[in-house]
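Could you have a look at this structure, given as structure tokens, before my questions?
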Amino acid sequence: MMIVVLQSSASLMSVIGAPIVIIGGLGLIFGLILAIASKVFEVKLDPRVEQIIAALPGANCGACGKAGCAGYADAIVHEGADICACAPGGPAAAALIAKIMGKEAGAMDRKVAVIHCSSGGHNNTKWKYAYQGIESCKSAVNIADGPNLCTWGCVGFNDCYNACVFDAISIDDQGLRHIDPDKCTACGACVTACPRKLIMLIPQNQHVHILCSSKAKNPLAKQLCGTEKPCIGCGLCSRKCPVQAITVENNLARIDYSKCIDCGLCATVCPTKAIGDIKAGKRKKAEIVAEKCIGCTICAKICPTKAISGELKQTHVVDKDACIGCEQCVAKCPKKAIELV
Amino acid sequence: MGYIGELFVMAMTAIFIQNFVLSRFLGLCPYLGVSKKLDSAFGMGMAVIFVMTLASAFTFLIYKYLLIPYNMIYLQTIAFILTIAALVQFVEMVIQKNAPALYKSLGVYLPLITTNCAVLGVAILNTKAIRTDGITAYNFLDAVLNGFFSGVGFTFVLLAMAGIRERLEFVDMPKSMRGMPIGLILAGIMALAFYGFMGFKI
Amino acid sequence: MKYYIKLSLILLIFCAVASGILAYVNSLTEPVIKDRKAKEEVATRSELIPDADFMEGKMADGTAYFVATSKATGDTLGYTFIAAKTGYSSKVQTMVGVDKNMTVLKIKVIDQAETPGLGANCTQDWFLKQFENRQATDLVVDKDGGTVKSMAGATITTRCIATSIAEQIAMLKVAIGGAE
Amino acid sequence: MSFVKELSKGIIKENPIFVIVLGMCPTLAVTSSVQNGIGMGLAATFVLICSNIIISLIKNITPEKIRIPIYITVIAAFVSIVDMAMAAYVPGLHKSLGLFIPLIVVNCIILGRAEAFASKNNMLASLADGIGMGLGFTLSLVVVAAIREILGAGTFAGIAVMPKTYEPMLVAILAPGAFITLGFLMALMNMMKEKK
Amino acid sequence: MKDKYIVSSAPHVHDKTTIPMVMWNVVIALIPALVFAVYYWGLRALVLTLLGAISAVVTEAAIQKLRKVPVSVSDGSAFLTGLLLAYNIHAGAPLWLPIAGSVFAIAIGKQVFGGLGTNPVNPALLGRAFLLASWPTLMTAGWVKPRTGTLSGISNVDDIALNLQSVSPKAYELVTGATPLKVVQSLRDSSFVASINSSATEGVDIANRIFTNITEMNSLKNLFWGNIGGCIGEVSAFALLLGAAYLLYKNIIEWRIPLFYVGTVFVLSFLFGPIKGSGYSMMLPFFHIFSGGLMLGAFFMATDYTTTPLTKNGRIVFAIGCGLLTMVIRLVGGYPEGVSYSILFMNVMTPLIDKFTVPKAFGRIKK
Amino acid sequence: MRLRTFPGGVHPHDEKHYSASSPITLAPLPAKVTIHVSQHIGSPSSPVVAVGDEVKTGQLIAEASGFVSLNQHASISGKVTAIDRFPHPCGTSSLAIQITGDGEDKWVELADEADYMNLSANEMKSRIAAAGICGMGGAGFPTNVKLSPPEDKPIDTVILNGVECEPFLTSDYRLMMEHADEIISGLKLIMKTVNARQGIIGIEANKPDAIALMEKKLKGEANLEVVGLKLRYPQGAEKQLIYAATRRKVPAGGLPMAVGVVVQNVGTAFAVYEAIRYRKPLIDRIISITGEGIKKPSNLKARIGTAFSELVEFCGGASMEIGKLISGGPMMGFALPSLDASMGKGSSGLLLFGKKAARLLDEKSCLRCARCVDVCPMNLLPSLIASAVKYKDLDKAVEAGLNDCMKCGSCSYVCPAQIRLVQWIDTGKIRYAEAQRAKK
């Protein structure tokens, strides 16, 4: 038995001996060469770049201002670019990148695109002439100031729709464009696509927008606008705004979103309905829970419409008619004594 | 005909008649993957020519002076692929260090080549190929040149394909056809077009 | 340095183990392959010239041919040999049986890798049958004005088979003549 | 992930050919007949399973720098074994698959799975992945081969299936037919994906 | 909107030519060839042609319906593709052949890329290449003799025949059973020449006699009028020239491609056309120009807008490439005729040619 | 005479028969004019009058602001009634000065310099500048700027552009026929200002009588010559004209002065003559009111700033339902949304098209027929540029010649697929400019 095994193992050795030596030798030589070469020809490559590329969504949208995702990754590592610049990736990507870079993700306000014009549909535009040519806003506005009477308003050839790679812009049966804030990644493609500069990026927690860009004076503005809902620059909103967030310039009102408290008051006073309020009618009013209220008057002070009244150390009361549902008081109440109903 | 004539036949065969991609089905992954832009196709093509030539040389030497004398032809697969892998990695490192510009335009494609079956394919085919007389096996020079010409053939169709695909960027193609499907159908059309070279008597 | 040696050694071990295993497998399969090949050749030979014994001879270029002698009588029945030539995309090998007058008795393609559907059809019966009872001089393809019917779209393969047989018969004649 | 899940994903959801688009060369080259397709598929499956197992076992002892050479060595070893075994026991198939058996080494599926899956997962999962991917690969080969063989030769696995009057469309089993068939199958996959 | 003035970008005037006009004009230009074909081969030629054209139109309409895009078969491009494809089939082909070719040509040659103007290669030629690869026997066997002539175009075939039949049946069979280009291809093959006659010198002599005969005036006349074997549309050089002249007059095709294509063939066939033993002859270039599909190719296929280079220099390169390849295939290739493959191949090269022949803008200095 | 030409180009029907035979008629004094502060290439002029000011005909109302700019003058006497945005002859609206006339046409004082030919070059140029003359072919480059090349670019040739290759237009033709002497004097003056050796008047072959007249007038003038040019559009484009007349190629992106040439329109030459001799500011010009839609196609001498509607009325009004109004020629002119706009210094014509002629066919997909390539006078690949722009590949577009295009419209004219090539290229130019700005 032993002998057989020995014999067979001897013959086995003779069979596999040479191959082992030769191929093993090859392996040894290659291994050595590669190992040495990897030292001799070493080039420092930052592994973080690759990690960041993996963390990015790979849409190559260019919202960060770099040449695609790889370029952005390179810029983060080598040029110290802002890690929050990736709009499509949002905070999730920023957090991942931050981890890779060993930094904290900054608080990134999610933004959303808003169209500052209520016109643009086939039934909602007044035409200056019958346009024949390329169906692109950018091309059309160069011919006789664009085919629509209002030279500030939407041309309606859907450059923004075509520019959106996230499917966030839709067109309704009236031919009007709508932006789905959930799908919008604030990449800014539509902003640059619109030759009339009607689209702007606005913090997502804001719901009140002036849906007009017309700088025309009063009677003219109405004549030009296809939906007859232009801003006529009357200044009513500006006067009514509890926080002075609206300014009127060149017959056009604009909201300063750093001041705006999203109360929607302006939308209710606008005579031409040029201010859109997504939350209109859905705003809840404040109500003070009497048990919790300690009567600190903070809410009364903060309320822009002075709808809260009450003496110090007394339970405060909300004037339901005056309350505009801006929720300022809710955030500020130290005892969480204000509820929305 | 002479040796030059023989080489001409070899070149014609490798480039047109028995093209690696269109007729032998070798190297399809990079062919379909890196044929979207002419610039990158050119870089890839050059890298493939370079590696195929080098690999042909090395594997031929190993085959002839190591495997045959020791009667170990069954080890050719493992020996060849090891050689190619090491070679590609080595070349990549050298270029990256010594010619960063070249690396940027060509080196990025190198890792893709290790698993390009065209390289291993040409190495194996070289060991089996017979010269035009029908009897003698390839010598060292034959093998190297065959590697080179095969690479040229690969690059040639890669460039032609990239040219067409660049053009197709500017048309409204059915969405489901974009990308791989159209690449494959184009390859089929090119293969049909290359049938004209069938049966050459040079 | 130690690191590199470690790397190399690991690679060495892998290579060594792999090649060792392969060598072992090869030692098992190689005889099987050889055996099978040999058996197949014998079988093919007997198929071409039945009921015969075969005796190996060598032609001028070193390739083998076999003299077939009748098992019953011991008379020389004919010869078999392998004709090989590069066809369209591969080396096409045909085993041929000829009688004493060098008339083809039967042929069989034993190795080819021609284009499927075209050249690869050379293994079909109708194609091989037509070679029977031909002299070397008749082995001309129809496209060249001969009578060997070429396969559709595969003249080259047809031509390769026909000429390789004709050439090999010529060699055989020399070899036999030399022997005599 | 469960064993069955790993096993089944390769067949449709992550089909190596139609979805991940790996290993095109043999898919096109050997699918001129169904037998060849099955043979190639099984050979590749065997290698895939074995290499997945081994690589998942050795994943901890392979230094990063020579990871790829080692994986390739392992794969090449199995390929050679398959090569020799086929030559010995199924010589006909070995013959018609020809060059593409040694080329299994560089089939992107195998190295791809080794890199992407086996080097990160345990042995059991890798085994399941290998079987699933291998079956997916084989299945795809059979589909492509069936179309090509039926159109191009009028047969399925060698058995005549088309009416006698059918003139085989030779191009289907030639190179252009291979490309176009696979192209259309992929377009079909895309269309199905779009519909979803 | 209706009562408003139209405003558009300049220019405000437009040439009258439209795509349908171009396409249908090409169809008109192709009609003489069909008339000749019907004269020589009877109604079957017409039936095959119509089958090809109609199935192309039906395929295009069906695919466009499926894709839910506007059906645009009235522009005539699909009809033209089907017509050209049928022109590349011989009159003896089975009726389903042009249908199969047209379906392939339209579906894979054109519609998968998005339709008119997007196809990288000429769909009709692709259809032909597909048919040739799929059913080589049907495409190359069963040529039909023209009504008054012979397949090879040798007018005094009987004289030769009497002579040949006794001396060399092989040569006789060749002369009476093949198209002119096939005859020449065979005569170029030394192994065939050797097999013509048991005596080698006699064989060469017979080959030379056939060769001279086929390239002399009488045969050329047959070639010119189309009194030879061939495909439906390529047969009559005269009819095709008539159509080409119409297209040139209508400014639908441009002179560069036909001129350089035919010119290249002319030069190359003069230099390399002769077979062993025959001298140079001014007739030889004309033989090569009038035989096979060259006229059809040079004037109707290689001038296909979509698949040829945009640049003027590129078109010259393209045409020379076509001519070169045609002659290479005819003289050393595996096929007797190389027009369709050469154009197909150059179609594939077109984007590259375009890329490397971008013209220098007026006033720009080349870098 | 051998006709000269340039490579490329198209042959649109010249359609000059509408108005070619009608002599220049003086249009009635308009009741109101609106004079735009930007009628030229360069920075807009700055108004020097205020609403309510009384002005005389020829009085400066806006002055050049910057080197490349222009003086504007009142073209009638009256009161400035508005300075606001008004429709511009190129279709847009822009700042303009509106003058309501008093019907008296009181002029500022003019002169008559007997020895005007011998004034110094600088004096001539300053008079040209003062008169507010710009190129009257359409582009409107301030003439005094064009005539002041830098020292290192000596000018040896002045070419007068009497080609008028745009179909329909006949204003230059009529001017040549009726004021040949003044034009020749203008040419000589221009040659003096730039110290040029030779002067060439280029006229297209469809105006044989103008060629003959000019040749007769120039007999004996060794350094002046008339060059007959083939009927081909855009023969009158500056670079093409220079090439046809002198075989010199203006480098891409360069000005004619780079090859020692200055090109001026015949109308400009006429204005230069009047400005230098009489110190008369440019307040009127010849304009062709033509096309199938006008009752009486005419060539009018009209005051700058006259509303198009008044001119149309004077010509008998529309003869059919009008589909399109074009200010300028049909190849490069601007379609107008209404007749409210007023004519400017570059307004060579106003065309009225009927409904049928106005309609454009729908754009089809490109056939790659390369007709656009064959006709492009700049040797570009228009279809490639257009599709590159369409699929947002600006690099390719630039490679194919985006920035070399002069928008002559030849490609769009011939395109059998009716692709708006020029508009695509225009869009591309805008996108390219935007991209360049973004890069900075």
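When the chains are written out, they are named A, B, C, D, E and F in that same order, and each has its own residue count from 1.
Definition applied: a contact is a pair of C-beta atoms (placed from the backbone, for glycine too) under 8 Å apart; a residue touches a chain by one contact, two chains touch by 3 or more.
Model, not experiment: these values are computed from the prediction.
Trainee: Taking contact as defined at the start, I'd like the list of chains shared as neighbours by chain A and chain F.
Mentor: For chain A paired with chain F, the chains in contact with each are B, E, in label order.
Trainee: Can you name the chain that lies farthest from chain F, using the mean of each chain's Cα atoms as its centre?
Mentor: C
Trainee: Where the centre means the average of the CA atoms, what chain is farthest from chain A?
Mentor: Farthest by centroid: C.
Trainee: Which chain pair is joined by more contacting C-beta pairs, C-E or D-E?
Mentor: C-E is joined by more C-beta pairs in contact.
Trainee: Taking the mean of the CA coordinates per chain, how far is chain B from chain E in Å?
Mentor: It comes to 33 Å between the two C-alpha centres.
Trainee: Please tell me the distance, in whole Å, between the geometric centres of chain B and chain D computed from their C-alpha atoms.
Mentor: Chain centroid spacing, chain B to chain D, equals 22 Å.
Trainee: State, to the nearest whole Å, the distance from the C-alpha centre of chain E to the C-alpha centre of chain F.
Mentor: Here chain E and chain F have centroids separated by 51 Å.
Trainee: For chain A and chain D, let me know how many angstrom lie between their CA-based centres, rounded off.
Mentor: Measuring from centre to centre gives 44 Å for this pair.
Trainee: Going through chain F residue by residue, note those that touch at least 2 other chains and give them in order.
Mentor: Correct list: 91, 334-338, 359-360, 365, 420, 423, 426.
Trainee: Among the residues of chain C, which are close enough to touch at least two other chains?
Mentor: Chain C, residues with two or more chain partners: 7, 10-11, 14-15, 18-19, 21-23, 26, 30, 118, 153, 155-156.
Trainee: Multi-chain contacts only, two chains or more: what residues does chain A have there?
Mentor: Within chain A, the residues that touch at least two other chains are 18-19, 22-23, 26-27, 30-31, 34-35, 38, 128-129, 132-134, 139, 142-144.
Trainee: State which pairs of chains touch, listing all of them.
Mentor: A-B, A-C, A-D, A-E, A-F, B-C, B-D, B-E, B-F, C-D, C-E, D-E, E-F
Trainee: Which chain B residues qualify as touching chain F in the complex?
Mentor: Touch list, chain B to chain F: 169-172.
Trainee: Can you list the residues on chain B that touch chain E in the complex?
Mentor: Residue positions touching the partner: 38, 159-160, 163-164, 166-168, 171-174, 177, 181-182, 185-186, 188-190, 192-202.
Trainee: In their complex, what parts of chain E are in touch with chain A?
Mentor: 1-2, 4-9
Trainee: Applying the document's contact rule, which stretches of chain C touch chain A when the two form their complex?
Mentor: My answer: residues 3-5, 7-16, 18-24, 26-27.
Trainee: Please output the residues of chain B touching chain C within their complex, sorted ascending.
Mentor: 18, 23, 72, 74-75, 78, 82, 130, 132, 134-135, 198-199
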